[in-house]
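Before any comments, here is the structure.
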Amino acid sequence: MRVALFPGSFDPFHNGHLEVVERATRVFDKVFVAALQNPQKGEPLFTSSERQAMISESLAHLKSVEVVSLSALVVDLAERLGATAIVKGLRAVSDFENEMQMAQMNEQLSGIATLFVPCHSAHSFLSSRLLREVARLGGDVSALVPAPVAQRLKEKFG
Amino acid sequence: MRVALFPGSFDPFHNGHLEVVERATRVFDKVFVAALQNPQKGEPLFTSSERQAMISESLAHLKSVEVVSLSALVVDLAERLGATAIVKGLRAVSDFENEMQMAQMNEQLSGIATLFVPCHSAHSFLSSRLLREVARLGGDVSALVPAPVAQRLKEKFG
Amino acid sequence: MRVALFPGSFDPFHNGHLEVVERATRVFDKVFVAALQNPQKGEPLFTSSERQAMISESLAHLKSVEVVSLSALVVDLAERLGATAIVKGLRAVSDFENEMQMAQMNEQLSGIATLFVPCHSAHSFLSSRLLREVARLGGDVSALVPAPVAQRLKEKFG
Amino acid sequence: MRVALFPGSFDPFHNGHLEVVERATRVFDKVFVAALQNPQKGEPLFTSSERQAMISESLAHLKSVEVVSLSALVVDLAERLGATAIVKGLRAVSDFENEMQMAQMNEQLSGIATLFVPCHSAHSFLSSRLLREVARLGGDVSALVPAPVAQRLKEKFG
Amino acid sequence: MRVALFPGSFDPFHNGHLEVVERATRVFDKVFVAALQNPQKGEPLFTSSERQAMISESLAHLKSVEVVSLSALVVDLAERLGATAIVKGLRAVSDFENEMQMAQMNEQLSGIATLFVPCHSAHSFLSSRLLREVARLGGDVSALVPAPVAQRLKEKFG
Amino acid sequence: MRVALFPGSFDPFHNGHLEVVERATRVFDKVFVAALQNPQKGEPLFTSSERQAMISESLAHLKSVEVVSLSALVVDLAERLGATAIVKGLRAVSDFENEMQMAQMNEQLSGIATLFVPCHSAHSFLSSRLLREVARLGGDVSALVPAPVAQRLKEKFG
């Protein structure tokens, strides 16, 4: 069985992430989406369990997907889940270099390969950071995130 | 009347920003320069009103320019000012991707288009962050910023 | 009156070009689209007059647009047409550097400024070169080009 | 069965390509390597059958790999071979944008997804074009290509 | 005598840095490696003196190298040490733009030129930030840093 | 003695190249500028001896510079001239990747290191290809090239 692990902060999960998961399910038998428990860049907007809940609801239509929590090295989780590969989305050039760096590090640490899934739809310029900024200032981002995320952003920022 | 809105942190305003405003005034009847009140990246070096004052003095020779404060979504301010377009400067590849992301977000939120004004003079590698670092350590950056900014940097760091 | 000149090879004109023209008409009173008579990169797929005809048909819904031929320096045509600015589309990083180079050259030669119009829709990865390759091999690109272009590609490659 | 198609000119096949194929075999049950019969960029250094022979010999240790010829649209070959996905190597930023463009085109044409396999070893800066130039001028590139390719380059350029 | 100054945070020093120093010693008679006392990006993992000690031990085999501390403007230190040039490593595109910016600033401030030393080995995707993250989570990075650094990381994170 | 080799097509030599040579002479005792005899990209605008003559005249003020012809591998010429390093100019991101590729290849072939000299003046967006195009169409590029080059361009396209 081909198993993929898709790790990220997902704070929040958006339509670009959704596109990556949907493409990954075409290639892998099982896709684990792992939400980083404590993102390094300060306090997250949503708690780890809020993020996991939102992702699960957003991916309910994809039967081969499971959402888990990530609190250790990605490669350790990958090994524990029996992952064949790590998958990451690629949007822009700046993604590309960070992701190449992490892919090499992860292969160095454990031998696991990373595959990149291009994100090239109309939402390819989406980022969680920008969505948070806009939502905080009252902008309507409901066209850019799955409905369960839009709902929670509305609850949070009114 | 063609109205442009040029938003930014301008902490501080430098010769690259000046170049963008000067090019914009050739195309637009009116250019609003909007200084972000509370930049997201920590405490600014200069307060919002200090920044506005410095920009106004630096642009006193351009009659079609007005300096305002920005405390909400850029697209909301753009609508309130009747802006035809948002203008942003483009220096380097890293700018390009961030700015494309914001341009798409702003068009998504309100339908307003963003135009990019290239900054390709000898000062194209200028950034406010680097200027702050150098000035803090006592470096002389007066050739890289308008005179009113050079004056205030000198007052601040002696 | 604010006049823009949008020069290019347009071999063929595609939906990304269309998106740029539509954005430019929101900012300028008049937009000239200038099809390069003899693109430097070998024999074009369509003759200059075929390309002009296709562009005109594709832009028939935009009243402030006029299609012309370009056989000299862009800056000379810009001066002759009384253009306020040159506009170019920006899709990707590789575009960015070429276009910055040309923008600086054109400003050096004549003082005219270039404005960049971002192309960030789902079709942002389109290019004329790739469209030609695919159409030549029998691929159906009719979703990626205006109808008048799709028609002529079909006539050419059957 | 998960089947990948890895298309390219491979003129000649080098250690960076080899690295991509080896990673792909860890994820896919079967990997087809398809050598473009007539690369668009002028006369190839090696004929299509020479290239296929060299690739086959270089990959003889990988049982799940098969080398084929590519003379039509990549998506048509992918469909004929029952490919689950197209795989491409990614080395540098310039690759990234071309490959994103083709990935989007291929998904537009047929719905097939492309996965990118990072090439981040010491040979990540390899390219077939540079290898041809150096070999032509008598440089020894045998550390950068599989032995069957090194052998044929030596026969060709003495 | 040709003297180079190689400034950086080196928190921690890794094999990519080592590669740059080794190349610099082939061109310069003397190479000063200057560890920034207080890196701007928050509390460093290792104190300034710890970092200096680790670098000195890692470079003990290179007789023309000396490790110093950096607490002022790079150009002021360069002048004090009689440096002919500043040298910096270049790995990736994102490095490139930051470094070009600093190189121009430094030449503006003092007339000193910067030379870039490419880092293109298998370790070209290394970064101190990523190494810190991985070591913190218990990953083994001893293949990616000199032995004296590996030792101290082990002491710190067990 | 520290000797640098600066290879290129120089068709024609322009102010960006001049800036690189001037910076290189501050670091090296001797700088050889090597004009590629037969550039790969089609017929050059100027013959090899025309290009050598123009470069020599443009660099007459720099006593430590010598202009030579390049008809073999760069690394072979470097060895014959006793070069300590190859130097190349770096302007933009697209340069960066090509040059990193060649630097690695050259180090692989002969062990010689490449140093990059940033080109960050107002002329950083110059390229020989663009200069040829503009001069061909009658544009005045005399502000962008040394006088001896401007003179010959005028004679050629006058």
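Think of it as A, B, C, D, E and F in the order they're written, each chain with its own count starting at 1.
The criterion applied here is as follows: a contact is a pair of C-beta atoms (placed from the backbone, for glycine too) under 8 Å apart; a residue touches a chain by one contact, two chains touch by 3 or more.
Please read these numbers as outputs of a predicted model, since none were measured by experiment.
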item	value
Touching subunit D and also subunit F, the following chains	C, E
Reference subunit E; chain at largest CA-centroid distance	C
Most distant chain from subunit B by Cα centroid	D
Averaged-CA centre spacing for the pair subunit E and subunit A, given as whole angstrom	33
CA centroid of subunit A to CA centroid of subunit D, Å	30
Where subunit E touches two or more other chains at once, by residue number	93-94, 97, 100, 104, 120, 125
Chains that touch, pairwise	A-B, A-C, A-D, A-E, B-C, B-E, B-F, C-D, C-F, D-E, D-F, E-F
Touching residues on subunit B, where the partner in the complex is subunit A	40, 72-73, 75, 93-94, 97, 100-102, 104-105, 108-109
Residue ranges of subunit E in contact with subunit D within the complex	93, 120-122, 124-125
Of all residues in subunit B, those that touch subunit C in their complex	2, 23, 26-27, 84-85, 90, 93, 96-97, 99-100, 103-104, 107, 113-118, 120
For the subunit D and subunit F complex, residues of the former touching the latter	92-94, 125-127, 130, 133-134, 137-141, 143-144
